[in-house]
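Got some structures for you, see below.
In the two complexes below, chain A is the common chain; its partner is chain B in one and chain C in the other.
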Partner chain A sequence: MMNIFFKLLKREIKLSIDRISIITSYSSFFLMSLLIFTFGIGPDIGKLNELYSPIVWLIMLFSIILISENFLMHDYRDGSLRELQYLGYSEELIIFSKAIVMFLILIIPHFFLIPLCSILLNLNLTELISLSINVILGSPSLILISIISNLLTIQVRQSKVLQFVIIMPFYIPLIIFTTSRNPNETSDIIDLNKFLILIGFFLITLPIVLLSGKMILKEVNK
Partner chain B sequence: MIFKLANPNRFIRFSDRISPYLSYLFILLMSYGLFLCFFKSPPDYLQGETVRIMYIHVPCAWFSLMFYSSIAICSFFSLIFKHTLADIISRALAPLGASLTLATLITGSIWGKPTWGTWWVWDARLTSELVLLFLYIGIIILSNSFENKTKGDKYAAILSLVGIINLPIIKWSVDWWNTLHQPASISKFSSPSIDPSMLTPLIVMTFALLFFSLQVTFIRIKSEILQRKIDIIRSTELS
Partner chain C sequence: MILEIISINLFRNKKRIFKNFNFKLKKSQIAALIGKNGSGKTSLLDMVVGLIKPDSGQIIIDRCDIDEIGENKKFKFIYLPFIDAFKENFSVQDNLKLWGELSSVKFTQKKLDEKLKFFDLFQLKNTLLSKLSQGQKKRVSLVKLLLSKCTLWLLDEPFNSLDSENMKKLKVVFLNHRKNGGSILLASHIDLKIKDTKNVYIKLEKINAKPKDNNDNWNSLR
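For the complex of A and B:
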């Protein structure tokens, strides 16, 4: 079981190294969107500092939906998704390995994007650490949900808008909890409860995505 | 009974037989309900005449949730027992559920303006009802995005089953969070906090809307079955 999983993971990592340009596209999209938000809200650093969390999360959400196509669509188009299933790899493992690689690939740009954000949005060290932990704990759920939207629309032409429509309702609770601020929370205290909620979200999302992903993959390759 | 009706032809015969009675019951109850709402039910001591919107708003909100649950149950049957009629029922219920959710939001807004002083607030109950509307829209669009209807139905079934997580959030949002929206006045586990003079028209209107919804659903299911038959005939003629 573990051997098969590591084999799949190795395959995904190899493929992702070939598509390393994803990191550049992701980072450029992230920075451009940050710029647009700043122009939209205005240069008032106090206001930007207050809104940093929703800004970062919305940009992350959109960029993950846009980028996630690269991880599934190619495999579907060149037939390797079908081939993997015929070779007897379980659908859950295929989805899980894809999710892990997606997370690993997309977390890399954050090592320089989040500190850059902290400079541009005037965040202090506590806020920077809080945002980083938030991103690390929240993005797996974002990625898993985006995989489901991708799988559901994989056979639809012009599926981008549809992806946004069908998947947005599932992002709403996550966005509420990641961007909410405890009224008693000061910028020097890290809110641990929020992190626990994000871990809880991940633990709920993971089995649902694996189970529904399995059903969708079976339907896709019928 | 349910499995007997799972045969499309038998279902059409059953719906043809029952449809006139549903229409009569709807007209009767709606007329009586409107009479009670406008002439018999007293204005609220605090909200005044605007309370009458409740007689439409509350049944719509109940049915918006009930239809989503029905879609999820049908989706479960469709995925487990691979039954076509379950897909057809889901397809028939989704637009109706979406319309009722929209009606809930609109009537709630109309009621909110004089009561809360605003058309819309980002309150937990209102937001979750809006999310429900988006879920319905997603299901409708997804099921119609495929040339192969069966495939669209299967994907929509999976989406609706995943979306069922939202239902408890909507139902208990007013209890979990301190919201502007008042908590439930009619509960299964305790006596209702609503006066009988208001409870009677509310129940009558609820049944009126139920019979109306059933009638519309039967018509939609029948037309969907007939449409599928036409599609099969066309495809066999072409091949």
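For the complex of A and C:
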């Protein structure tokens, strides 16, 4: 089982090395949006500091929706998704390996994007750490939902509109928990409860996405 | 019997494609599914490899039900679908190596070069797939047959895009495979006139699949 999983993971990593352009387009989209928000809000440091979390998550949400297509739709169009299925790879492993590689690819740019956020949005060290943990714990669920969104698009024969209509409501609870701010929270204390909720959210999302993804992938070939 | 299709029924888009379809493929036998576009040839191959589940009936490959083979599918047969699962931004040899890893087909660089030479692709081995013509891509796909050790070959329109010289080569490959105890089930919209090949005619209009001769091995109904 592990051997099969590593084979799939190796394949995804190999393909991703070739998709290095994704990282650059993701980073440039992230950076441009961040600059738009910063200049749009103006030089009010207090306001920027208050809004940093929703700003970062909004940008992340849209950039993930934009780039997630590269991971599944391309494989569907060139027939490699079908190839994996008729070679006997289980659908759950296909989806899981894609999610891991997507997470790795997306998390790399954050090593320099989040420190940049802290400069532009005037974050102190505690807020910077909090935001980094928030992104690391929240993005896996975001990625999993985007995978289901793409699979649904394939199932309904590539209607992008449906992707948004059906999937958008599933993003909302995640966005609420990632962007919410505890009124008692001070900028020097990291809110651990929020992180536990994000871990819980991931643990709920993972089996749901794997099972529904498996069902969709089986239906796609019909 | 290497492949047995027992009383298959299949509906697609509210149309009956197969009604109690029976089919047997022996060792050292080539069978050609012949029918017009949309007659159900690809659907039949997709059912054989387990991509589509028939509404009723059973498919047995090498005495195992297709649903029970699971991850060992890649050792039981090789399937070349109409859409080759190639990555356009990978070179010819990288694509074949990627396929080899996924299919657990081990080969040396020397063996790969030898097989590429057979289909006049050696000079193109480092060329990106996106730079190749349809015929060249088809030949890259056919190299998989020479590298694989599977006895059952399932091929969807293998002669499409090939010139007459390469068609002759492929026919020789088929005959050699049969001589070595292998079996081939191929789908084509024209009669390929391969020596001693059993033709199975599939006609969607009559909602049936009927063999040309009355051989018991080809006893499809209606």
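The definition used in the following text is that the second predicted complex is superposed on the first by the 214 of 222 C-alpha atoms of A that agree within 3 Å, B and C clash if a C-alpha of one lies under 4 Å from a C-alpha of the other, contacts with A are read in each partner's own complex, and residues count from 1 in each chain.
Here is the rule we use: contacts are C-beta pairs under 8 Å (C-beta built on N, C-alpha and C of every residue); 3 or more make two chains touch, one makes a residue touch a chain.
Keep in mind that this is a model prediction, so the values were computed, not measured.
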Which of chain B and chain C A:Leu217 touches, first, second, both or neither: neither
Chain B versus chain C as contact partner of A:Ile166, first or second or both or neither: first
Partner chain(s) touched by A:Ile148 [first = chain B, second = chain C, both, neither]: first
Which of chain B and chain C A:Ser80 touches, first, second, both or neither: second
Which of chain B and chain C A:Leu72 touches, first, second, both or neither: neither
Chain B versus chain C as contact partner of A:Lys14, first or second or both or neither: second
Touching residues on chain A, where the partner in the complex is chain B: 148, 152-153, 155-156, 159, 162, 165-170, 172-173, 204, 208, 212, 215-216, 219
Chain A to chain C touching residues, read off their complex: 4, 7, 10-11, 14-15, 18, 78-80, 82-90, 218, 221-222
Residue ranges of chain C in contact with chain A within the complex: 12, 46, 49-53, 69-74, 79, 81, 83-90, 98-99, 101-103
Complex contacts: residues of chain B adjacent to chain A: 79, 127, 131-132, 134-135, 137-139, 141-142, 145-146, 151, 154-155, 158-159, 161-163, 165-166, 169
